[in-house]
Every structure is written in structure tokens, then in C-alpha cells.
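Here subunit A shows up in two complexes: once beside subunit B, once beside subunit C.
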Partner chain A sequence: MTDQFLYAVEVMINGLMAGVLYALVALGFVLIFKASGIFNYAQGVLALFAALTLVGLQQGQIPFAHLINAVLGTEVTHFGWHLPAAVAIVLTIGVMIVLAILIERFILKHLVNQEPIILFMATIGLAYFLEGLGDIMWGSDIKTMDVGLPQGASVWIEDNSAWLGGDGFYGFFVDKLDIVAALVAAVLVISLMIFSQYSKQGRALRAVADDHQAALSVGISLRFIWVLVWSIAGFVALVAGIMWGTKSGVQFSLSLIALKALPVLMLGGFTSIPGAIVGGLIIGVGEKLFEFTIGPMVGGATENWFAYVLALVFLVFRPQGLFGEKIIERV
Partner chain B sequence: MNMVSHEPYVTEDGRTIGGVLMELKNITLRFGGVVAIKDISFDVREGEIRAIIGPNGAGKSSMLNIISGFYTPSEGEVWFEGHKRPQMRPFRVAQQGIARTFQNIALFQGMSTLDNMMTGRITRMNAGLMAQALWWGKAEREESEHRAAVEKIIDFLEIQHIRKTPVGRLPYGLQKRVELGRALAAEPRLLLLDEPMAGMNVEEKEDMSRFILDVNDEFGTTIVLIEHDMGVVMDLSDRVVVMDYGKKIGDGPPEEVRANQDVIDAYLGVSHD
Partner chain C sequence: MFYREAGDFKTSYGEDSQTFPIKFDRVRYYTVLVVAFGIIPFVINDYWANAVFVPFLIYAIAAIGLNILTGYCGQVSLGTGGFMAVGAYACYKLMTAFPDVNIVFHVIGAGLITAGVGVLFGLPSLRIKGFYLAVATLAAQFFLVWLFNKVPWFYNYSASGQISAPERTILSIPVTGPNTDAWAKYMICLIFVVVLAWIARNLTRGTIGRSWMAIRDMDIAAEIIGVNPLKAKLTAFAVSSFFVGIAGALFFSVYLGAVEVGEAFGIQKSFLILFMVIIGGLGSIFGSLAGAAFLVLLPVLLKNVLVGALGWPTDLAAHLELMIVGALIIIFLIAEPHGLAQLWRVAKEKLRLWPFPH
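Now for the complex of A and B:
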């Protein structure tokens, strides 16, 4: 095997891993879209907010410290304790559930039976509100996230793949964090699929997405389902926030990765959980391989636009995405 | 037959009609300045088929929406199983054992017939979220019990061949039947049917009539139905409420109602359409 080929394989593996991270964000979008037909623009910010909260709680940061100091003239910043990662994660899940309840209570409840575009606009508002809230609560500096996930190159994989190439080849470079992310994503997807296919709430969730009136008539509480689905979306956002945060630090550009989820969704279909994963993987591998092979010829930076072009091509041939529900139109 | 008495009695075809299951007292419904229903009272007895008829715009569907909780009456009381019902959201009404179908079919278009009917069982599923996550075996057993109940209804309605078909692809008549099936899956105390035969051809109407009679006969389900077609109603129902312009103009067994002059006027006299 030539080294060139082995490098391509390595690029592909890393593309797969990057794809998993895209997929994690896309998953949150799919969940909310499935349950309420809303494209939740705030999903990326939700991930940012979850990550900020987690780091803040873990490091014992006092929320609204700047505000408190400005108003009261004090100099407080930290509580002085350091929480174990597990405790901080559980507390953050609690915060995300409370957030879901507040979102239902103050936004969704008042927008029942409104056009999807109205709900979409509401989520844009929510996104910027949450971004501002996160800033005021936890400050705007870049933070490192450390919840004890392994990081750095997996030596085992490097050692055991070195024999594939010649003298200049030292084995595949794979980040351990990426492997963890892939495992977590797999577990998450499988449990979400089982939940949505076989549990009472999962079925209710699909019912609400399909027809509000009919859902009410079979005894489903719309409000409970909305709180539930936003809580799950918040949890998925937390997982995505942990992975992205550990990889590249908790910073406000985290909310922009949400935009990369868009082509993933176009590819996989807005309504399919496995679609989000497969779409993420295709985009991840596609853009890395494209950059590796074609990039040098066109001056690089193809990763910025490749995903969108790929999604556009897909839209032409399969508007419902790879796994989306077939669009049935009776005339 | 004495309608004032609430003693149980046996009909000519051998079904037992019990005491009062639901009573509507002086119901009035206004939308802004428009009065959709004006001071209407009637009761529904256990085991009977009760029809509400009347010309277009008489307020029949509004009445059904009040019973199922989609509308809140401006005045008046709804009594169910001997208790006055507080103002209630539709999903709570469903949980109390009142199932319904809609005039314009409200099915979950993207789901299969089977899944649609399984949603009908939601009010009967007990396992909570955590229990389902932690105690998989129990949830699984519960699921298969519900599945068995639904399969029985599928057999009953003769829709085995479309079990896995997304309902959006089914012809209109079959969709109506699936919607009836979803309501039946809840094993309701009271079944509300809003124009179950609207838009059907003669053959489909006959099928649907047969199913309605069989549901009532075999499961003992109490049924309130709205129908446009006088002929169908007269054949099916034990007692009929006739509405016109939001008011009650007749109430009683079909043969009595048919002879009522107000009813004849409403239907044959001046056209309201």
C-alpha cells in the first residue's frame, strides 16, 4: 500500500470522527423538528449554553458575577469550590430541564397552532436571547472544559497500524476523544430510536408532530410532550457541548457549528434520527476527502463550502433527504 | 317507551340500555356575538346510540366539540358519570374515556394504520418514562398486551390488509375506518362520531353502519353520532336530538322525531343552506 493511499484512509477516519460531532448537533435539530415541526435555530446556542453552564458549575463560578459586582460594587467571582464532573453534569441536566419548562411556558404555549415560520422566528429570538444570557451569566472568555474524557492520539491505534506503510508511515493518527464521541453518539442514537419507536412517550411525540388536534383527541398533553422533547434536545445539546467544548474550548463560536448541521440535515432528512448520523458522517468524510484531494488544486479552504454544495446536489434529487419520510402528495 | 324514566330497559333487539351516562344541562355557546348553541339540554344513556341531526350550521359539531372538551361552553354544565365536569382540556377528556372521530379525518398521516391505532391506547398505558427506561421487560409485556387489543379491533374492522400502510396513502373510506379503529382502541366509555359517513358511497355507508351497530352491540359502547343523512340516522339510533339554528327542536325515538312538525319544516321547509 502506498503512503498516499494510507494518508487518504487516515483523512477518511478523521472525517468520520468529525462527522460524528456534526451529527450530534444535527440530532438535536431532528428531535425538535420531529416532535413539533419547528426548525430550532437555537439548537447550537443550546449546546453552547449547556457547555458554559457545565464549566461554570464545575469551577464554582458565580452566575451573573459581573452584574452583581457592577450593581453591588463587590468583587466576587467564584464560590471557591470545585465540583466533580459527574455532579456538575447532573446539575446541568437539571438546568436544561428547567430551561425546557421555561421555554414551553413563556414561548411555545403562546404560539400553539401558529404557522411554522412564526415558531422558527421565535427560535431565532431564543437563540440570541440565550447567547446573551450565557454571556451575562458566565462571562465571555474562552474556557477549557475538562470532564475527564481521554484526549490526544491513541497510541494503540498508531502502533498497530504502523506496519501497514513504509518507513515514513507511523500509523494512523486518531484522537481518543473522537472515539469516545463516536461511542457516545452510537449509544445516544440507539436509545433515542428505541425510545421513539417503542415507548408510550415516543409514540405520543410522533403523534404530536403529525397532528395536534388528533393528538389531543387520543389523550396526549401537548405541553408535557413539548417540555419532554425540549429537555431531551437540551440533553443532546449538553452532550454535543461537552464533546465540542473538550475538543476546541468553550467559546461563543460554538453556536456557529449549528450552521454545519444544516447541510447534515438536508442530506439525512429532517425527520430521521439515523439520517442525522449518516448525514453527519457523509459530510465529515466528504469535506475532509475533498479538501485532501481537490483542495490543493483550488487553493484550499474548501471545507467552508463543500458541505453546502453537497447538500444542494442532494436536494435536487432527493428533497426529503436520505432517510426522511417520503413526501406524499395526494392530488 | 317512557323517556322521562331512567330505569334500565331492554330494546326490541335485545340490548340493555342503562342509566344516564352523560347529561348536558342548558348549554349555550357563543363566539363573540354569534350564538352557535342556545340553551340546549339532553342526556345520553349507557349503551344507547344517540344521534344529533340537523341542517348545515345547526351547531351539531360545536355540540360534539363541547362534549370532547375542544370548546368550553359559555353557559351550562356537562355531567359525566354522575359528576359535574370542571372545565377540561381535550386530552383530559380523552383520559376520562371519551374518544372521538372528526368530520375531516384527523389521523396521523405519516404513521401506519397499526401505529395510528396504537396511539389510541395511550390513555391506557401505565408504565412511566423512568419505568420504561429501567424496567424494560415490564414495558415490553405491556406493549404486547396493547398490541393484542389493537389486533382484535383490526380484525373486527376488517383492515388486516392495510396494517402496515401509512394512512396518508389510503382511500378516504378506509381512512374513516382507521379513525374509528383508533377511537375504539381506547375502549371508550363514550364514543363520539362526527359524520362517520360523510363523503362515502352507498356501499361504504352500509359497511360503516354495520360497524357502528356491531360496536354498540358487541362492546356495549355508548355512541353519540352526528349525521346529515336522515335515513341512516333513523336506522341506527335509539334516540335522536334535532338541532336547527343552534336550538333543539326535537328529541326522542326516531319514529317520534320523524313525525315532529318542526323537524319536517327544518328539513323540508325553508332551505337554510
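Now for the complex of A and C:
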């Protein structure tokens, strides 16, 4: 095997890992879209907000410190304690649930029966709001997240794959964090599937996804289901936020991964959880390989648009995505 | 009391189908034009031109363009920033390639080139619908911005990667470049807005506008009654992109003067213009203007209040502005999903009956 081929394989493995992270964000989209037909643009900002809250709680930052200082003229920043990661995560989950309740109470409840596009716009508004809120609460500087996840190259994989190539090849470079992310994503998907197949709430959720009115008529509370599904989406966002935050720091660009999740969704179909995973992997591998092979010829940075163009071309041939339900249109 | 159809007799079909059937509206419309052309240019200063009027007028053109596509034809686009970039770079290339031609032709040429690019990216809309299309237009957004960043031909191989507008004159009055007066900037944008708004208004109430609206309301049904979806969708993309391209050209040449593509025409710009259309009102020319005015004025106002009057740090004000804009969008959508234009219509309905509503 030539070294060039091995590098391509390495790029592909790393693409797969990146794809897992995209899929994590896409998962949150799919959950909300299935349960309420809302295309939730705010998912990426939810991840950012969750990550900011986690870091802030962990380091004992005072929420709104900047605002308080500006209004009252004080100089407060920290409470002066450090929470263990597990406690901070539990507290953040609590915050995300409260957020889900507030979103349902103040936004969704009032927008029942509006057109999907209006709901979509509302989530864009929500994204702006949360972005501003996150910055005001916790400050807009770049933060490092450390919840004790392993990081750095996996020496084991490197050592055990070095024999594949010649002298110039030192084995595959794979980040430990990516492996953890892949495992977490797998666990998350399996537990979500078990939840939606076998638990009472999960069944109710699927019923709502199938038909709102029919679900209402058999006594399922739509509002409860919405709170539930936004809480789950908040939880998924937290997981994605932890992974991305550990990888590249907690900062504004975290919310842009939401945009990366969109082509993933389009490839996989908006309504399919396996689709989100497969779409994420295809996009991850595709953009890394494209950057590796074609990128140098056209000046690089093709990762910015490759996913969208791939999804666009793909959709022209299969408008409902890989695993989406067949689109039936009637007059 | 004055706002009545009564006593306003129409004696020809032309009069009967005019844009403003009520006399009071016509008077108001001409008053606005007289103020805009006859008074503001003489009292405008640099601050008002650069902070309020010029961005408002340029965004109004872009908002009308997007409204044609999204509000009238129902095709959601998130690629407006990318198409504005096409307009800006086309204008720049034309300006530097043909320095002797009047800038008005450059701007119109930029609009035409953008229309071509818009049709190209509009082609998938025949297969892809709704959210899928919205995401597909993101491909245009990211690809175009990347293209203008990476291909040096577009910015004439300048070292900084920026494009900057050379000085161009109309009737020997400079309208681009550093020596431009505030009123000249204002006037050229105003003329474009008035002409384009007039064109948009008349397009949208004619055959072509009706076919757009038929496609928006239900494309299959429209196809069955004989509207050609290919023609309707592609013309909507073309006209919309033409407007957006002109807005981009003016944004670059008249307003900013020098542009870095990722910063000036990024995804945020697409959303900003989409918000203008939503807040203003989908499917309304007046709404586009109102939405543009609202979202241009709001940050200026907030900045003056928070930073100027309360003395808060600017970054805090910027974050608060994000929150307020976000909250306003949600409140608007809950209270009045059809935007400022609908509020205006309701107010006019009330005014017709005033002061005897029963």
C-alpha cells in the first residue's frame, strides 16, 4: 500500500469522526422536526448556550456579571468556587429543561397552527435571542472547556497501524476525543431509539410525530410532548456542545455548526434518525476527502461550501433525502 | 374623515386599477416623494446619510428583491448575501474594466449578471421545495463567498484581497470614492429605490406577479390551471437576483467604498434581509421598505440610548441588541405574522371607518 493511499484512509477516518459530531447536532434537529414539524434553526445556538452555561457553572462565574457591573458600577466576576464536572452537567441539564419549558410557554404555545415557515423564522429569532443572552450571561470571550474527556492523539492506534506503510508512515493519527464522541453518539442514538420504542412518553412522542390531531384526540398532551422533546434536544445540544467545546473552545463559531448540520439533514432526510447519522458520516468523509484531493488545486478552504453543494446536487436527484419519507403531493 | 373612496370618481379603467385608489393615499405618496427628493437632500449630513438613509435605501432594494422571491413566489432563500456579493464584484469588475462608462450602467449590468447567477442557483428549485430549498440556497451563499475570496481575478489581484471603488461621477458629481458628498450618495440610492420599487409594484400586480403568487399558494394547483412553474420560478429568481445584485453593487460602490467579502456579504447579511422581509411583511413592497427602515433604525436607536445615554460598554449594547432583535422577531411573529404591512393595512381599514366605526 502506498503512503498516499494510507493518508487518504487517515483523512477518511478523521472525516468519519467529524461526521459523528455533525450527526450529533443533526440529531437534535431531527428530534424536534419529527415531534413538532418545527425546523429548529436554534439548535446550534442551543449547543453554544449549553456549553457556555456548563463552563460558567463549572468555574463559578456570576451570571450577568458584565451587565451588573455596568449598571451598578461593581466589579464582580466569580463566586469563587469550582464545581465538579458531573454536578455542573446535571445543573446544565436542569437549565436546558427550564429553557425548554420557557420556550414552550412563551413561543410555541402562541404559534400553534402557524405555517412551518413562520415557526422556522421564530426559531431564528430564538437563536439570536439565546446568542445575546449567552453572551450577556457568561461573557463573549473564548472559553476552554474541560470536563475530563481524554484528548490528544491516540498512541495505541498510531503504534498499531504504523506497520501498514513504509518508513515515512507513522501510523494513523486519530484524536481520542473523536473516539469518545463516536462512542457517546452511538450510546445516545441507541438510548433514544429504546426510549422512543419502549417507553410510554416515547410512544406518545411518535404518535405526535405521526399526526398531531389524532394524538390530541387520544389524550396525549401536546404541550408536555413539546417540552419533553425540546428538553431532549437541549440535552443532545449539551452533548454536542461538550464535544465541540472540548475540541475547539467555547465560542461563537460553535453556533455555526448548526449550519453544517443542515446539509447533513438534507442528505439523511429531515425525519430519520439513522439518516442523520449516515448523512453526517457522508458529509464528514466527503468534505475531508474533497479538501484532501481537490482542495489544494482550487486554493483550499473548500470545507466551507462542499457540504452544501453536495447536498444540493444530491437533492436534485432525490428530493426527500436518503431516508426521508416519500413526498406525496395532492392538490 | 379624509380617508374615503367616496366622491373619488373613476372614469377610465386606467384610473380604476391604479396603485393608490384612494385620493388621500395618492397625496401622501406624492408628499413623501417631494420630501424625499426636495427637502432631505438639502438638509442631510454625513452622519444621517451613512448611519440611516443610505443603508436604509440599499437594504430596501435588497428586501424588495427577496420579497419578490420569498413573499410573492414562496421560495425561501438564504443566499441573499451571496447574491449581493455577486452584484458587488460584478460592479467592481465592470467599473475597472470600462472606466469610461457611466456608473449607472455598471450597476444595472451588475444586476443583470446577478440575475443570471440567480437563475443558475434557482434551477434546483424546480425539484427541491420548502426547507430543502432554503438550505440548498445556503450552497449559493457559502460557495459564492468562497469563490470571491479564493479567485484573485475577481479582486484584480489586489494584495489585501479587498475591492475598493474608484471615483466615478454622474454629470461630473462624484457618487463613489472618498470625495462623495452625503447628498449625492443619498440621491443615487433614492433614485434606484424609487424606480425599482415602481417596477416591482407593477410587476407583482401584473400577469407575472399573479403567476408567482399562484406558485406560492400551491404549486401543483397552479401547474394544473396552466401556470408554467419553470417560467414562474425562474423569472422570480431572475428578478429577485437583479434587485439583490443592484443592492449589492450600491452597497459596495456607494455605501462602503471598500469591501471584504466574508465580512460584508456573509450569512448574517442573508438573515438580516430575511428578517427585514418578515418583519416588514411577506408579499408587500411597502413592507420591504418598512422592514428595512425598522432594522436599520433599531440598532442606531439602541446604540444611542444604551451607549450614548446610559454609558454602557459597546459590547454589552451589541449583545443586548441581539437579544432585542431576536425577541422582537418572535413577538412580531406571534402578534402579527404578516408584519408591519399588515398593521398598516389594519390601520387603514380603521381609518376608512373613522370616526364612525359602526
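By definition in this document, the second predicted complex is superposed on the first by the 327 of 331 C-alpha atoms of A that agree within 3 Å, B and C clash if a C-alpha of one lies under 4 Å from a C-alpha of the other, contacts with A are read in each partner's own complex, and residues count from 1 in each chain.
Quick note on the criterion: a residue touches a chain if its C-beta (ideal position, glycine included) is under 8 Å from a C-beta of that chain, and two chains touch if they have at least 3 such contacts.
These numbers were taken from a predicted model, which means no experiment stands behind them.
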Superposed partners subunit B and subunit C on subunit A - clash or fit: fit
Contacts of A:Gln201 with subunit B and subunit C, given as first, second, both or neither: first
Per-residue touch tally on subunit A - higher for subunit B or for subunit C: C
Touching partner for A:Ile273 - first (subunit B), second (subunit C), both, neither: neither
First (subunit B), second (subunit C), both or neither touched by A:Ala35: neither
Spatial angle subunit C-subunit A-subunit B, Cα centroids [nearest 10 degrees]: 90
First (subunit B), second (subunit C), both or neither touched by A:Leu126: second
First, second, both or neither for A:Val264, with subunit B first and subunit C second: neither
Which superposed partner A:Gln213 touches (first subunit B, second subunit C, both, neither): first
Which of subunit B and subunit C A:Ser221 touches, first, second, both or neither: first
Contacts of A:Gln114 with subunit B and subunit C, given as first, second, both or neither: second
Subunit B and subunit C, minimum CA distance [Å, superposed model]: 16
Touching both subunit B and subunit C, residues of subunit A: 330
Parts of subunit A lying in touch with subunit B, wherever the complex brings them together: 195, 198-201, 203-204, 206-207, 210-211, 213-222, 228, 325, 328, 330
In the complex with subunit A, residue positions of subunit C that touch it: 76, 124, 127-132, 134-136, 138-139, 141-143, 145-146, 149-151, 218, 220-221, 224, 267, 271, 274-275, 278, 312-313, 315-316, 319-330, 333-334, 337
Subunit C-touching residues of subunit A, taken from the complex the two chains share: 39, 66-67, 70-71, 106-107, 110-111, 114-118, 120-122, 124-133, 135-136, 140, 259, 262-263, 265-266, 270, 298-302, 304-305, 308-309, 311-312, 315-316, 319, 321, 329-331
Complex contacts: residues of subunit B adjacent to subunit A: 68, 70, 89-92, 94-95, 99-100, 102, 106-111, 115, 118-120, 122-123, 125, 127, 129, 132-133, 139-140, 143, 166, 168-169, 182, 186
